[in-house]
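As structure tokens, here come the structures.
Common to both upcoming complexes is chain A, partnered first by chain B, then by chain C.
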Partner chain A sequence: MKYSYIKPRAKSVFTQEIQLILSFFTMTLVMLFLTYAFLLYKNYAFASDKKETLQERMALEISLEEMKEKIVFIEKQKMLSERVYTQNSVLKDSIANLFDLVPTRITLSKAQLLENGLILYGITPNKDVYNFMLQAPLRSIFHRTYSSFYPAQNGWLRFVSTNYLDKTEEESIDEN
Partner chain B sequence: MLGKFFESLYLKVIVNIVVERSRTVVYIELCSKKGVVSAHQESFETLDINSTMLEFIRSYTNESPFSYISILDSSAEQGAIPTCSKNRLSYYHDLSACEYKCFDEKWITYTSKTDLYTIEKRYKEIGMDFIFSPFSILSNFFKDKVNGALGMYIVVQDNYLSLGIFENSELLFAEHLDMEHNADRDEISLSDEITQDDIELDMDKEIDLDDVEVLDDMEDLDSFGDIEDLDSIEEIAEFSENQDIEEEFYEAEEVLAESDEAHFNEDYQRFSLIKSSVGNFYSDKKYESQFIENIYIADGIGVSPDLKHYLEEEMFLNVYIRHVDLSAELCELSKMELGL
Partner chain C sequence: MKISISRQHIYLMSISIFLFLFVLIFSFSMLIPAGKEYRIKRVELKKVNKEFRKYANFHDDTVATLQELRSENRHIITAFDKEFSAYRFEKQHKNYFSKLSISKLEFIEYEDEKAFSVYEVKTSSQISSPSSFYNFLDALNKSDWIISIDFPIDFVRDGELIKSSFTMKVYANTKETNSSVSTSEAK
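The block that comes next holds the complex of A and B.
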């Protein structure tokens, strides 16, 4: 103030128009930042969800593998059970057939099933009845048949018939 | 820092108001760092601020937050004192109700606090940033002269004369003269004593200044008694040696307004006031009186050649008149305040 009696009023660039523009820009910026923050949060939430989903997927994949293994195991069990069932059926039929083979004149006292053979204990009136009525059908079934007799007290003969299936033939049957 | 940066982006709008007798002149400059971008001037037939003027000013001030309003102080209670020493101020004038401003630690300008308040209140709608004294304009306008030999410098406004006597940048004497106020006080009442016919008659046969009865104040001046001795050719030749040749060239380029009746009345009144002030300067013991040879007039209204003739013929002064655009000078002061 070299010449003037009064001091000039303080000047500010922030006129009403500038204040309006600034408030508008501030609001816009705030909204942009809020949107940005919201997007960041959503991005973080999405990444977190994705991570969880991947973990779940991995867990599910692991569980799927386990279930597949179980299925395979169960299928194997099923096949085995079917096989056992089939074998049992075959065995049952074989036993039924075996007992059907036994003529009424021969009485069996014991039958012992082996893995690849059959041992029959019993009593026959004579060797001929045994040879013709029991041994002949057994020979048609088993590969090797051995018979031994010893006399009983009432004059009949006790017999032990040992019959074997050869292994090779058995395996071929299994494969079939 | 940020404020300076923003300030550089905007134009500075400098509004300068000069209140004349019956109208208000508003001069507006739009300035950038590089200089003046545009200037606009308009005068309004009002002494107050009216809606047209307000609209005109606002149409520019709304363009920039850095708008400055300045006004030329029109207070009748203003003046200048040839000292800055607070102890000596009261010797010249009672400044208890005045605001004052010291220049170069040599002299002060003062004005009434009440008038400053009145101005600020009158222009409260646009606000006020600077109020300048006509003496500031005087010293700034004649800055190439005031630092030289002794001379009288006058700013002529519609209603006022601001008169200062400077020697080597030091103010010796100053008076702010209100034409209307002084017209009542003056013993010479043009309306009463000089009729229109008389004036016309005088105009026809050229004024004989010796016949004009305005020398009442001069009776107090012993020094003027010696002026009669200067009538000899030799003495006048000595005067001519002190003439400001440079100023004469400058003045020759300007065309003074033609004399008419209205100008005659006013210029005669101005002449009377100037003469009275010179008398005060010579007679008042407060001031260190020295003989004035040159008088420089900053003409803000377009005075007639009569004033120059009166002063030259009646008071034997070398008179130089420069035209001044007060509003533009006011703008210069505003720019100096703003450091532009």
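The block that comes next holds the complex of A and C.
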């Protein structure tokens, strides 16, 4: 005996309301998971970028240190070479001045340039010529001047002039 | 009063509450900390990048300074690097002398600067006039080596010529500094 004219519908747990709720939450969850995945990826990317940048910076620091050392070394080379060049130029001027200092009437047979002095050996017609024309300028340059004479065969005088520079206070301070 | 709630509605409610709680817990326990971490890391990276750019600029400036210094002092750098050759020196400077002889190189301790080594060379020569010696001193400053003339310097008259004897100091890089410069030049 039939009580209804329609066939009974198959009942399902997934009713329309549940489907709606599920689709809503699925969308929400998908969005949440995607955001979370994006954040995780970005965090990883930031961390690896930071690590890479720090490594590059480290390499730059090492390279900078090396370059600074090279710069300091080249500066040292430059300073030393300039000192040497100046020393040579000063020496040239000193020798030129020395030879200019000797008057034509006096003939030098030997000149010895020391670090703080000058020893001249030569021949002079007489003591006056030596005293006025050579000793006077030498005295103005050097602190201590000693001369000794002995007769030469032709009646002239052979002389040995020893001249020394004393260390000035400034030089002593510089050395210290 | 009896409240009748259908089983359907109970399912609906429980699924909704469960999912809602899941979303809440997930958000607060995972998503928000990850977001905070993202913000901190982004700021940190910006800071690191800013510092790196500063460093890179400073590095570039230093490279430019070093290159400028190298090109300005090329002669000096190569002179310090070059090994002294008595034969080559004689060949280069014999024009200034009537006769020139150079003794063997002798290493001496250079107290002022450990990065450099100094060699002593005893030289005896004959010159026709002092001007030859002046020219030699001028040429010395342009030679292939860094050389200074050391005291004492002796000039002795020998007929029409002047015999001169002096010591030359040749400055060079030590082996360690020499090799470091060579490798950097190669780079």
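Keep in mind that, in the parts below, the second predicted complex is superposed on the first by the 96 of 176 C-alpha atoms of A that agree within 3 Å, B and C clash if a C-alpha of one lies under 4 Å from a C-alpha of the other, contacts with A are read in each partner's own complex, and residues count from 1 in each chain.
In the analysis below, contacts are C-beta pairs under 8 Å (C-beta built on N, C-alpha and C of every residue); 3 or more make two chains touch, one makes a residue touch a chain.
Not measured: the values here are computed from a predicted model.
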- Who does A:Ile6 touch here: chain B (first), chain C (second), both, or neither? first
- Query: Who contacts more of chain A, chain B or chain C?
  - Reply: C
- Quick one: classify A:Ala152 as touching chain B (first), chain C (second), both or neither. neither
- Message: Quick check for you: in the superposed arrangement, does A:Phe73 touch first (chain B), second (chain C), both or neither?
- Response: second
- Query: Now for A:Thr15: first (chain B), second (chain C), both, or neither, which partner does it touch?
  - Reply: both
- Query: Does the superposition put A:Leu34 against chain B (first), chain C (second), both, or neither?
  - Reply: neither
- Contacts on chain A seen with chain B and repeated with chain C across the two complexes: 13, 15, 18
- In their shared complex, at which residues does chain C touch chain A? 8, 11-12, 15-16, 19, 22-23, 26-27, 30-31, 34-35, 37-38, 41-42, 44-45, 48-49, 51-52, 55-56, 58-59, 62-63, 65-66, 69-70, 73, 76-77, 79-80, 113, 115-116, 130, 133-134, 137-138, 140-141, 146-149, 151-157, 171, 173, 177, 180-181, 184
- chain B touches which residues of chain A in the complex? 1-6, 8-9, 11-15, 18
- Message: For a test of understanding, state which residues of chain B touch chain A in their complex under the given definition.
- Response: 3, 6-7, 10, 65-68, 70, 73, 99, 101, 111, 116, 120, 127-133, 136, 140, 333, 336-338
- Message: Give the list of chain A residues in touch with chain C in this complex.
- Response: 13, 15, 17-18, 21-22, 25, 28-29, 32, 35-36, 39-40, 42-43, 46-47, 49-50, 53-54, 56-57, 60-61, 63-64, 67-68, 70-71, 73-78, 80-81, 84-85, 87-89, 91-92, 95-96, 99, 107-115
